[in-house]
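Look at the two complexes coming up: chain A is in both, with chain B in one and chain C in the other.
Right after this comes the complex of A and B.
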């Protein structure tokens, strides 16, 4: 019977990082995934912690991490491991020739497609906002007939969020799609993947922008995890380009996902798609295997250790019933929930309070192992990472990919 | 209720499927799986007609693989297509491409039928007849083997063993590429298995489904299900070498129809490499391998990846048999059964395969390995390399043992 050192369940950011970090430790790894994972939906930027408990903006990610409450995953992981995981990620990106920038000592405020600014920590070079404060002229690039992206809106709201001293100029570009469906940001990114598309785009730009300015554009600088398109447009125009954060599908997320998948392949990780893990095989307080529930039959996969990175309510890692129960389907890990269902949510969506439902999740120890209601260890060789963890509202505090990265790393260090 | 019921409302519109759809990437004319599948399904419940861009879906199933919510998007599309053809007429082209089995049987029955069928296709191409009916004349059509697999199988005297499996060859192996079936037979004999071939099996229905002949698919499904059940009840496993046949028999029958026995059958239908890897896991695989000098590239058919058990041929050839083989991992080849043979889809199919062709050319290999017959044809056409089934390589590794 084949047996791996580590089986990672889940192909989102937490799972991919857990697999990469385990493989780096020389472990034989199999990754079981079902669906594309969060990186297509969320973005390819790594927020660590943007807002404090009371909703005020954090000074730096590191300062904010030090101040989290006891039940927060960062508290369990500890600052040292958070630092190590950031280093691990930055090094992996450099190794894959797609370096990210940023550090725990600096909060980056990056522009969104709504013209607001959001706090984050690690970003690709296509979202390098360092020059945003130094340069007065900001071109906002839009495209004729582009779905779900409005340059005018970006410009209007940036005057409030970034400051009205800057000169904002909307520049509309023609793309070469005619006929067929609505044009999306993904279509444009693929257009710029081609040499002809890049040349046409650059030609359009050159007539409309002057060198030395900042150019805000939707995330269209190619779909591959490299800076080929960024470097080409920079060189041709003499401007500094910044991609905005947009709605799904996330181009920067797709690039990051491609990079991580490429990396896992090089590290010899076996990846099995559409593997819907629904059960575990337990013996004497240990997990010996997990079982996928295919439409044809069940299949068992065996390993020494298991990393559970199946996501939260959205990803299917946690399932809530109409009766107000929450179930972790694979290991049946007990989940603590607010007593009545009415208390699951705070009706003021944009208030200065975290959403109770967002904090529902698996309770863990320092090694990311699941605990029961009383705090007793459930399995010694199961480790949890990502959105299924208890104690944080990533949406409120801007910590989604940060918790995924750090907990994925910590889980891999503990196996 | 079915365990894997089709529920379009589970779609949360995350658009992961759009990002992964090879057709969406290749042409602006397709509105994409999210829109054409679950989103428009709501309209179809009240409207008679369907969106015309549905015609672009190739049923490659990359959308199903991308979906985090388990919506069988491609199957929704195929059901909608069937609904469309309830009130629209099929073209002669679709009739021809969907009914490869009928043509194959004809070629088999007539004296020198295969020869004349192949000749006819060439003449048809030269006279422009193919193009006239809407079949691409830019690529070769699958040629018929001079003797079908069934015929060749009967001439072979197998060594008898107590372990037996039932082989489902499918149309492509039976009529076009019998060698795959013979190689499977040789490999099973090396593992002390006797192979039973059930001649009453009919086309799995995959080419019919993509052309909207749902009623005929159901007829075939009922017939195959009954036959497979007969063997399963006796305790036999049924093996396929074609991944699209396997997907149809195990999964699509369950998604599309309510037929007794399908679910139980599915538990006992195996991809050939998966079955051999199971023998390996049980310590029963013959591992008396020789060495092959050649370097290979492997292409995983989408219809294998969609089944959710990884790439058993890679495990088998690379890890177990020590073959020098790497996974191309360059996405869909573009052909999707008979999709790429249609004149109006040819360019889309070739654009989709572009990445794979490039990867193959860059690798410098002379032979590409893949389970799917039409994938092999597409790779042969697009990358100008030889193509073989994984079991052909496995047979060669066994036979390389001095």
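Right after this comes the complex of A and C.
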């Protein structure tokens, strides 16, 4: 019977980071995953904190992290660990030859597919916005038959969000590979993966854009975690390319996921997919193993410590099957919830305050271990990371992937 | 100055019925609707074309009208009626004596209720509870309130009928005890105008009291709230009714890929008291579970509420106790000639109500033409050539849907757009098979002033994803085609998703909460719509 040092439950960003950080510490790690996590739904970038509690824009991610409320995961994790986790991530990316850029001392405002700007922290080089302020000719590239991206919408709203002094020009590209049917962003990224596709794309571009400009483009610069396509288009056109963040599927998220999986393989992490963890095996206030159901039979996995990174409501780490009830299905960790269903949410979907239901989650101590309603420690060797944590609304404050990174790292360090 | 012989107030089922009937009889008629068409009760109900079984015991007259109108609407409304048929199911807790009375009543009225063995019912509807004691087949049908209304309008337009949406009547003008016109205010621009007419008919359902008051007349309509749940599945192929005296939560109506369960009944504070409550949903689920035991396994899409316009000369009658019959009130009795209200009634009998009202108006105007609304189909036949052309661009199932939404003339214009630019055939809304060309055509039709108007006419955003994907696509597509209704497009995002949110907020558990996490993740987490709104405010 194999016994690991650490079993990570959940293959999303928090789980992948927790596994990587554990492996780096020399631990023997198994990652149990069921599904792909939300990296390909969100946008492969790491938002740390973009807005303060009152909805005002934060100066820098670091300043904002210092000001969070007591129940926020960042408060439990602490600024020092947040900094360490960012360094850990940047180094990992460099090692994998897919470096990310950004720091806690700088807020990056990146363009979205709606033409708005969104505050974030760590991004791949395909979203390097440094030149956006310096260059006033901005081409916005769109594609025929691509219904998930509207260059005209981006151009129109950038006039408001970025400034009306710039020259915005929409450039439509004919890819001619679909025979008139709808294409997705993934189709286009795969097109650029191929040499023929890249050549055709560059030829189309060269007739339409002048060197030295900024080019905004949907996230289609290849599906692999490298900058091969970015470098090729840059070199051929002499322009600065910036990928916008879009509705799913997210190609930059796909690249980040591939990179992390490659990394875990190299680090010798055992990865088991389609592992639907159903329950835990508890002995004397400790967890000794977890049980998965498979198509053939149940299987048990044993370890010294467990990191629970199963996600929130969307990912299935929290389940609300009945009115006013929220369950954490594996360890049955009690979850505090607002009293009545009407108090779960604000009257408006977009409002200037956090949605109460988004803050529902597992209460933890400084070591990321789960607590009950009274604040008593539930298990000594179980650590929690990611969207299942209590106290933050990532949509409102823009901390998507940021809490996952820092809590995944901190859980691994606390083991 | 705008002029019409008759002004119809109210763009619900009754109003459009009167519009069509008057237009077909050659009367110059203008319909005024305060918001978008069918924004009131006619779209906030089951979408059930009653066989009459529901009313058979309590109200034979209503039952008889239902079965007659049911037959007529199946014939004229092929493109908005889905002839599903229905089952009446008696469960162990339902009174057996009522079943006897019901069978007798159906026989007397002429509702073909055919008993089948429960085993046969389970074969037809595997999800139906195995507790069922007795089951009857009846000719119930599903009807789409939005489509029915727009098809009536399109038909009326062919005869010269006109309509104005977002036009509120704020005064009824009269001189020498005779109506001479109305003052109407444009809801969007706030502009007021006088519209001259010889006759005003109020067909406003729950709002009847408000309109009558404009002429200083009292009409006692008690709006009665009903809340309904839309499930993201067809729980059954047929409509399922409980065989018991009419009560809460005992009708399931399948529509396309969804099922609607309803309804509750409680006195409404005002006609637009339509924000659904969690407690109502919980109650509906509890009752609904008796019919479908696995009800809670199905994802709810959204919930919604409407108000039934219960009319009673006796102001103390309440809820289901009040009659569902309709009444024409000739306000000449109160001393004002040329003004009448039609109150009470129900969706299934809208055409009959319109016919009676139109007979009354024609008599007043001395018009002798007879009613033909029961004979002529709502949607003209589509030529096989046009259908064949449309099939080149639409997904196969989508062609039929498009015909039912657009009718012949509309379909022709949409196909033309696609022929000109095949890229316009892309599906903006995959859930409901809505193409970009149709969105553009609808946005241009002269009665669309908000994205919500386009949504109601096309069904874009009303399917499985509840706008998670098509909100971006539709706003983007409209912006790309310079069709943003003169609004800031961030506002369009917000408006579209907020409309969905109203129906999602009371039911935030199960897969609903998962879906809204995804939607928020996209629009707030990634696209920062909220941040952009706050940015603009500052």
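The rule is short, and it goes like this: the second predicted complex is superposed on the first by the 411 of 415 C-alpha atoms of A that agree within 3 Å, B and C clash if a C-alpha of one lies under 4 Å from a C-alpha of the other, contacts with A are read in each partner's own complex, and residues count from 1 in each chain.
Here, a residue touches a chain if its C-beta (ideal position, glycine included) is under 8 Å from a C-beta of that chain, and two chains touch if they have at least 3 such contacts.
These numbers were taken from a predicted model, which means no experiment stands behind them.
Peer 1: In the superposed model on chain A, is it clash or fit for chain B and chain C?
Peer 2: Chain B and chain C fit side by side in the superposed model.
Peer 1: Once chain A of both complexes is superposed, is A:118 in touch with chain B (first), chain C (second), both, or neither?
Peer 2: Only chain C is touched by A:118; chain B is not.
Peer 1: Regarding the shared-chain residue A:292, is it in contact with chain B (first), chain C (second), both, or neither?
Peer 2: A:292: touches chain B, not chain C.
Peer 1: In the superposed arrangement, which partner chain does A:34 touch: chain B (first), chain C (second), both, or neither?
Peer 2: Only chain B; A:34 stays clear of chain C.
Peer 1: Would you sort A:1 into first (chain B), second (chain C), both or neither based on which partner it touches?
Peer 2: A:1: touches chain B, not chain C.
Peer 1: In the overlaid three-chain picture, which partner chain does A:321 touch, first (chain B) or second (chain C), both, or neither?
Peer 2: The second partner, chain C, only.
Peer 1: Mind working out whether A:248 is in touch with chain B, chain C, both or neither, as first, second, both or neither?
Peer 2: The answer is both, since A:248 touches chain B and chain C.
Peer 1: On chain A, which partner touches more residues: chain B or chain C?
Peer 2: C
Peer 1: Report for A:180: first if it touches chain B alone, second if chain C alone, otherwise both or neither.
Peer 2: Both partners, chain B and chain C.
Peer 1: Identify the partner contact of A:235: answer first if only chain B is touched, second if only chain C is, both if each is, neither if none is.
Peer 2: So A:235 meets neither chain B nor chain C here.
Peer 1: Check whether A:312 is in contact with chain B, with chain C, with both or with neither, and answer first, second, both or neither.
Peer 2: Touch status of A:312: second partner only.
Peer 1: Minimum C-alpha distance between chain B and chain C after superposition, to be given in whole Å.
Peer 2: Minimum over all C-alpha pairs of chain B and chain C: 5 Å.
Peer 1: Where on chain A do chain B and chain C both make contact?
Peer 2: Chain A residues touching both partners: 41, 180, 248, 314.
Peer 1: Would you mind writing out the residues of chain C in touch with chain A in their complex?
Peer 2: Touch list, chain C to chain A: 278, 282, 296, 422-423, 426-428, 436, 469, 472-473, 475-477, 479-480, 489-490, 493-494, 497-498, 500-501, 505-506, 508-510, 513-514, 517-518, 520-536.
Peer 1: Can you tell me which positions in chain A touch chain B when the two form their complex?
Peer 2: Touching chain B from chain A are residues 1-2, 34-37, 40-41, 177, 179-181, 183-184, 186-187, 190, 248-249, 254, 265, 270-276, 292, 294-297, 299, 314-316.
Peer 1: What residues of chain A sit close enough to touch chain C in their complex?
Peer 2: Interface residues on chain A, with respect to chain C: 38, 41-43, 47, 50-51, 55, 57, 112-114, 116-119, 144-145, 147-153, 156-157, 160-161, 180, 182, 245-248, 312-314, 320-325, 340-342, 344-345, 347-352, 355, 357-358, 394-396, 398, 400.
Peer 1: Help me check something: in the complex, which residues belonging to chain B touch chain A?
Peer 2: 3-4, 12, 14-16, 18-20, 25, 27-32, 35, 53, 64-70, 250-251, 254-255, 266-267, 269, 281-282, 305-310, 327, 329
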